[in-house]
Structure formats: C-alpha cells, structure tokens
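First chain A sits with chain B, and in the next complex the same chain sits with chain C.
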Partner chain A sequence: MRPLVLPAAAILAIALAGCRGPQSALDPAGADASSLASLFWVMLAGAVVLWLLMNGLIFYAWRAKPRPISSKAARILIFGGGVVFPTFVLFFLLAYGLSMMPDQRAPGEGLRVEVTGEQWWFRVAYWPEGASEPIHSANEIVLPVGVRSEITLKADQVIHSFWLPSIAGKTDMFPGRVTRMSLLPTEPGEFRGQCAEFCGESHAWMAFTARTMTPDDFAAWVEAEAAPAAVPETDLQARGLDVFLSEGCGGCHAIRGTPARGRVGPDLTHLASRGNLAAGALKVTVPDLIAWISHPEAIKPGAKMPAFDHLPREDIAAMAAYLESLE
Partner chain B sequence: MAAHEKPDLPAHRNLFRMILAPTIWAIHFLLAYCTAAIWCAKDLGDPDTLTLVVTGYTVAAEVAIVFLGLKMWTQWDYLDDYDYVHSESTDEHRREFLGHAGFMLACLSFVAVIFNTMPVWFAGTCL
Partner chain C sequence: MKIDLRSVFLTLAALAVLGVIGASAVVGFGLYNVSARAGHLPGVKWILHTTYQQAVTFRAPPESAAPELTDAMASLGAKHFDAACRVCHSAPGYARTATMLSMKPEPPHITAAVGDWSPSELHWIVYEGVKMSGMPHWPADRPDEVWSTVAFLTRVQEGLNRQQYDALTAAPKADPRGFAYCATCHEETGVSGNPDIPRLDILSEEYMTRALLAFRTGARDSGIMQHAATEVPVEDLPRFAAIFAAESPTGEAEPETSLTLRGRRIALEGAPGSDVPACASCHGPWPETINPAYPSLSGQYRPYLETQLRLWRAGERGGSEVAEIMHQAAARLSDAEIEAVSAWYSSRNPDELNRINDGEN
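Entry: the complex of A and B
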C-alpha cells in the first residue's frame, strides 16, 4: 500500500491541475458556467454513491457469502432497486437539469455581440446598446462583468461551435441560421474559447481569447475599439502600411482610418490589443507576424490567406512592425 | 354477421392492443414537440399557455393509458391464477402473455409521457 501513495497523489495532483486555467468548465468565472459546474459536481457525487452502492452489492454477493433471502424480498429488491428507484432518480435529475436551462438562455441586457464562425477564425461585431453600426473585430470577445450580454451566432460555410467554458456552455453556429446564447461573466479575467465542432483542416487552430472587465473599463474599451487605427509613428511602420496597401492586403483586411476596407479576413484595426494572432495559433509579436504573413498555411493548414514569402524580407518585417503597433 | 364485417379479433390474437399505450406515448411526444415548435416559431403567445396546452395533452394521454393498462391487467388476470410465465402455446397463455406485456408497456408509457412533459414544466420558455 505505502509505495503507491506518492504516485497516486502525484497523478491526482496532475489531474486536478487540469481543472484550473483559462479554459476550464470547472473553474467558472461566469454565472452559467457556475451552475454547469455545480451540475457536474452533483452528478459526480451521485455517480460515486451509485458506484459504491452497486459495487458494494457485488462485493456482498461475491465475497461476503450472503444467506439466501426470501423470493418476496428479492422481488422487492429487484423491482424497487431496478424500476422504482431509477425512475425517481431520473425524474429528479431531469427536473434539476431542465430547471437550469431558462437562466442559461435568458435574454441579454444591453450589449449584443455577433460572432460568425469562419474557416478558421471568429468574425466578431459588437453592437453596444443603441448602436446603429457595429464595431468590427475578430478572434477576441470582450465583455463587461455583472451584465448579461446577448451573443448572436452565425456561420459562413460550415458548422462551427462557440465554446467559452469558463463563462458558459457551448452553442453551435450554422450557415444560414442564427442561433443565440447569453453570457454573464462574474469575474474580470482572461479566458480562452475554442471552436467545438469539427470544421475542416484547421479546426484545431480555431480558438479565441476572451477578456472580461468592469463595466467602466468596458466602456473605455468600447471607445478605444471604435476609434480608427493608430497612425504609423516610425518610418518602418509607415513603410509597413505602404506595403500593406500596395500588396493588396486591404482587399481582404480592413484597417479603419486607412484605405484598407476588405471584409474577407479579420479586421486588423486593433490587432495588437488582442490576446492572440490568427485565432489563437500565434501571439501578436513581430516574429510571429513575419511567420504568419510569409506562410499562413505552414501554421494553419488550409488557411484562406495566400503566402507572401515572395516579398522581400524587409517588406514583411515592416508590415509586421506596423501591425504590431496597432493597439 | 355480414360478410364484409370483420369479427372482433379475440384477445389472444390481438397484438394491436398491446402496443396501443406506447403508440399513445409516441403521438403525445410528436404533438407536444410540434406544438411547442410552432408555438415558439410563430410566437403564438405566452409560454405559460403552451405549458397548459401540453399538460392538457398529457392528462388526456395518461387517462387513455391508465384505461388501457387496466384492460391489459384484466386480460393478464394475474390475480386469478398468479400466472407469471406464459410458455405454453395455448390460447390462454397467449392471451395472458399479451396482457402481461401490454400492462408493462402501459406502465412504461405512463412514466414516459410524464418525462415527455417535463421540459415544459421545468424549462417552459421559448428561448
């Protein structure tokens, strides 16, 4: 027994460490995730009790050499334990689970965020309360804490699924159909979400970051996000913008405040303020930007952006420097 | 008896009665889900009214299922001879077997119809 204790404790510690972190349904930072986590613990506790009960019975029958019981008692045991008991357990579990659902899908109270699943990134449009035009962004969801926000879900070519486990459960996104959910973050923090429905080669590279903040911080963030992009400050950055425009990047990408207006790929206006590059595949750093622009497919198989490794290295580096300045 | 009139099937040959209760369960399922889908898509009004309508289906279905269950119980006539095994190929055993199976199916259907209704009771919203 003794020598097993340490390895067992180590395995348990590793397993439990997996319950923490920015993408864990068991480390909730949102109202809906909290109720899902308690649902999980209740179910787990019930399952453990049942497991012990059943295995206890097996052990009793097998090892404890039981005396025979009367056939009437046996019938009560089988009918009671096999029919009546499970029926009631299922009834209460279903009632408990179902009664959680209306809250999970309650309507939002102001902000609406429209998220569209693309291959393989998330198009994001913020509609603050009363807005007549959305603020375009991508691959990051920013939400105020303590307010329920409405999330409208769409998809471009294929089915995706929107999953931000720290805040709530998941909802599928369908081409040609609008689905919805609502998110009520309860703690400020940084989280990670993931497409949860296989959607092609780079499905595993389709993630997003999420930030939750106090309503005041959020108001400031909305203002900054709605503003046009930073103007190049150095010669290198200015050259980067020139190359960006002359190489036709603007045909697919928009950078507000510049002639780049494309809507095929992600909006890059405030790229550097996002916590990730290319839907979670990379970080917004100069080396990562160079790697991405040179050869997107080397990072995300099938990526719908052409490689630009035929350009001079200095041009790519200049674009990287410019994009990295777009706070 | 006129030639075109079918005689009533004797109980030991009537399979239909045995599956009638599960059939009611299936119809209840369809009705409940179709009503809810149309109600919510066409916005026919308050979800509470929908809950009432579906509960109405449930009451009707359960009354029918209880009635059928009692008939099956009589057909089995367990209290008559306490027959639990019906292994002989006689009319009586067939009749009791069908009654026995029909009775248990009716019990199952009774519970199932309640489970069908639980979504409107515990999550009665169109969202």
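Entry: the complex of A and C
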C-alpha cells in the first residue's frame, strides 16, 4: 500500500488543479456562484458523513460479530434509520437549497445585457441604465463588480444555454421565448463561459469571454464600447476597410462609423478588444483572422459565414490587418 | 420417360456458352450491321415507338404541375428551339431537309412531334430526352426553364405559322460576326423587353464574363444559356460581354407601392430576424460601382429575379466562386420576401444607380 500513496497524491493534486481557472464553479468570482459553491460543499460534506456512516454500519455488520437485537429495537432502527432520518435530512437540505433561489433570481440594479444564442455564437446587446439604444457586441460579456446586472436571454433558431460558471449557474435560451437571470460579480477578472445545451454541429465551438471590472472601469469601458470604430491608420488597414466594404461584408456585419450596418452576423466595431474570435474558437490575431475569413467552415463546421478564399491573399491579409486594429 | 437431370444441365450450360460466344462474335467481329441505310428489322420501329409513347404517358408529371404558359415564355422557347432543336425537327412552315429524312430513326417534323401531348408530357420529353432515338435530354438540371420551350410547343400545336415563327426567331443584323446570335434573345442593346430574358445593359463586363464561363463549364445551370455559351467560341464570350456592358441603361423608376416598400426595406436593411443580409451591400443601388463581380439589380426584370432567388434559396443556383455567399444570403428568404424584393429592384431606375430615393415622394 505505502508505495502507492505518493503517486496517488500526485494524481490527486493534478486533478484538483483543474478546479481553479477561468471556467470553474469551484473557484467562484460572483455572489451566485459562491452560494452555489457553498451548496456544493455542504452537500459534499453531508455526503461524506453519510458515506462514512453507512460504510461504518456495513463494516460493523460484516466484521464485528454483533449480538442479536430484539425485534422491537430492529423495528425502531429500520423505521428510524430508513424513514425518519432520511426524511429529516432531505427536508433540511431541500429547504437550504431552495432558500438560495430568490437570490439567484433577484432583479438587476441598472445595467441590462441582452444575450441571444445564435448558431454558433452569442449576440450581445448592452442596455446601460436609461439607454434608449443598445450597444451591440458579441461573444463577450463585460460586467461591473459589486452591482447586480440583469441578463435577458433569447435564442434564434434552436435551444442554447447560457453558462458562466465562475459567476453563476446556467439558464436555458429558447427561440420565441425570453428567459432571464442576474449576475453579481464580486471580483474583477477574466472568465470563460459557453453554451451548455447541444445546439448543432459546432456546439463545442460556442463560447464567450467575460470580463468583470470596478464600476469606474466599467463606465469607461461603456464609453469606449459605445464609440465608433477606430479609423484606419495605415495604408494596409485602409485597404482592408475598402475590401471589407466592396466584398459586401457589411451586409452581415456592422462596424459603427463605416457604411457596414449588417445585423446578421457579429458586430465587429470593437472586435480586437474582445479577446476572442469566432465565439472562442480563435484569437483576434492576423493569422487567425486570415484563417477564419478564408475557410470558416474548416474551423467551425456548419458556420453560416461563406468562405472568401477566392479573394487574393493580399486582400484577405489587408482585411485581417484592419480588423485586428479595431480595439 | 426418365429425365436425366445431369444431361439437362450440361445441355443448358453448353447452349449458354455457345450463346455468349455468338454474342461476342456479333459485337467483337462487327457482324451486326449498324448501317442506317439498311434500317431496322421489321417490327423494331413499332416496338421502339410504342415503348416511348407508353413510357411518356406513364412517367409524365400530373397536369397540375404546369404553370401558366405565357407569350413571353413561348417567345424565349421559340428562340431556344431555333438554336438547339431545329437542326433535327425543322420548324413550322419549313420542310425537313434531306439530311433529317436520312436519320434513323427519322426525327418527326416539329408539327408532327408535338402531336397531342399535354404540356406536362411535353415537359417530360424535352427534359428527359429519349435515349434510344437520339433525342437529347435538357443539358441542365433546371426543370423550371423547360416550361418556356413547352410554351412554344403548345403554340405549335395551336397552329403557329411560318411568318409567326420567323417573327419570333428573327436575328437582328448586328456586328461583330456572331454577336447577332446573342442579340436574337437579348437584343443588340441588351434590353430584351421579355421579362424572362434578363436585361444585360445594367451588368458589368466582369460579371457577365464570369457568368458565361460558369455556363460554359456547367458551374451554373441553364439548358438555354449552356447551349448558347458552348455554341459561341470561348474567346468571343468576354468580347460580347463587353459590348453589352458598354451600353448606357435608360429607364425610369416606378412609384413605390406597398409591395415595393416592403422589398425596399429588405434590400436596404436586410431581414435580420431571418438572417437575410441587406441586398444593397453587394447589389446596390450604390453611390458608385463597388465590386464589378457582383451584379447590379436595379431595373432587372421581376420574373427573372424571382426565378433566380428561388434557385439560390434551393441551393441549385451555381455561378463563379462567389456563389456560396449568395447561397447563405438567400437560404431563409420567404416567398413573400422574394416577391417584394424582386418587385422593388425591378421598379428601380436602371440608369442612376445612386438614387436610392427614386420614386419616393
């Protein structure tokens, strides 16, 4: 036995390292995720106690040679241990679990974020308090710390599920129906969320990034996000914008401040500040942009965006340079 | 009498071997006489013709499949017939040539060939062809455009005469040599005046050249245009495209109706709820031509636009390498959206591409 202890401890340590990170319900950075984590730990502790108790009884019955007990004592043991005790335990665990639900469904306090599940990306619209028009974005959720924000959830064609485990539990998104949740981040940081309901070929490639920041930083971010896109600074970037417009990309994609106003695909106004491309499948780098524009389907099977590999390579590279500059 | 099964099997096997040797000799040594002069054995012609008639009757789609067969369709069908079918079937009011009469089987004169077949039976014959007779099938997987030829054939059944046929198929005197062939359908100006034949004066040289090459290779389906684009020498295709592109389109916008206003919204803003991008971001109206690979649509004929959009939506429309973009764009268009957006573009002024607000008063 003894020689196995060290390797076993090592494997356990490696496995437990997976409990941290930007997408872990066990490493909460939000009020709702914290209460879900404590629910998990309480349940786990209870399960450990019960497991030890049951195995203790089995061990007692098997190894220690027990004296026979009276039939009356046996009846009490069976009824007490088999009915009264589990009813009591389950009632209190259920009451404890249910007591958390009102917090999870608490209304937001100002900002409302509308998230729509598309195949296969997240359409995001920010409605800061009092706004008459939303700020359009995609595949990234930015939230202020210490404030409960309202999240409105919709879906385009099939059912998706919105899951940002570091901040809260998951909620399904349905076509033709609006669901809601609210998020209260407690720590600034960068996180990852994903679709948690199988929604088609590229379901596994449907993720988003999340950033939480202090309310002051968030106000500055909203201002920057609401602003029009950066103007091309180099000749290459300017050519990239020309190609983007002349190839009709603006039919599907909007870049505010340019004639591109499409709302079919993701808004690209501040693409480069989002930290992910193609709903988490790629990074916003020139090589990744070139790969995506040339062959979206090779990266995300079933992606609606047509391939533009018929364009000259220099044109694609120019577009990539322009898009990469859209901070 | 006792039957020896073994002898029976051996006899049958020997006969089978002899049969195979005999058949091989007929094929391999050229013993069968393929001479058309020698003709068929008695009875063979009857068997072939009866098989053909019964197969058409059995397989033709129901009568309800036939659309309304308009004069515009018949006019297009007549021009295609003149280019592709006349060589075997002659034409109303014209005799069959001695060469046609020497074919085996002998192709019937068109006035006899149309018989009393119904429109959907004629459609089946023209689309499928008849394999044992030399009658070709339609060169493209486009059952929809076969109805134009059927429309013409019904006019033949109704007694279309030689003068009427000549008027339908007359080629204008056009330069350069060979261009008259294109002008027969599209007119020298590219403005056919027939809503089933697209107007070309609004299109760019690059777009038309790409389209013609796509027809020629079969990347884009059309039995009519694939015939035309393979009839004309390949080096002439860009030259003829340039002639049409050099025309200056004229015309006036029509006033907006509730239908065109619905189409206008889709064209300029798209229908994001159904993932339809704004048509205008590729097809104009533009402030200036942004990409000659994309066709301008302002002033194009409405039936042509509707047909093409339905083909795009069904995923059946091919073209150059940019075709995939349009497949995605049209995939979720509804019938009502196709009608509205076609009506709007067809009502636009073909001349001034930049005047989006035409007719809006």
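Assume the second predicted complex is superposed on the first by the 327 of 327 C-alpha atoms of A that agree within 3 Å, B and C clash if a C-alpha of one lies under 4 Å from a C-alpha of the other, contacts with A are read in each partner's own complex, and residues count from 1 in each chain.
Keep this in mind: a residue touches a chain if its C-beta (ideal position, glycine included) is under 8 Å from a C-beta of that chain, and two chains touch if they have at least 3 such contacts.
All of these numbers come straight from a predicted model, not from anything done at the bench.
Using the contact criterion defined above for the overlaid structures, shared-chain residue A:Ser246 touches chain C, although it does not reach chain B. Set against each other, chain B and chain C differ in how many residues of chain A they touch, and the higher count belongs to C. By the touch criterion defined above, A:Met305 lies against chain C but remains apart from chain B after alignment on the C-alpha atoms of chain A. Once the two complexes are overlaid on the shared chain, A:Pro107 sits against chain B while remaining clear of chain C. Once chain A of one complex is fitted onto chain A of the other, the partner contacts of A:Thr87 are limited to chain B, with no touch recorded for chain C. Residue contacts after overlaying the shared chain place A:Ala13 against neither chain B nor chain C. Every residue of chain B that touches chain A in the complex is listed here, in rising order: 111, 114-115, 118-119, 121-125, 127. Chain contact summary for the complex, chain A toward chain B: residues 87, 90-91, 94-95, 98-99, 101-102, 105-107, 180. Looking at the complex, you find that chain C touches chain A at residues 269-270, 272, 275-282, 290-291, 294, 320-322, 324-325, 327-329. Interface of chain A with chain C (complex): residues 156, 245-252, 260-264, 304-307, 310.
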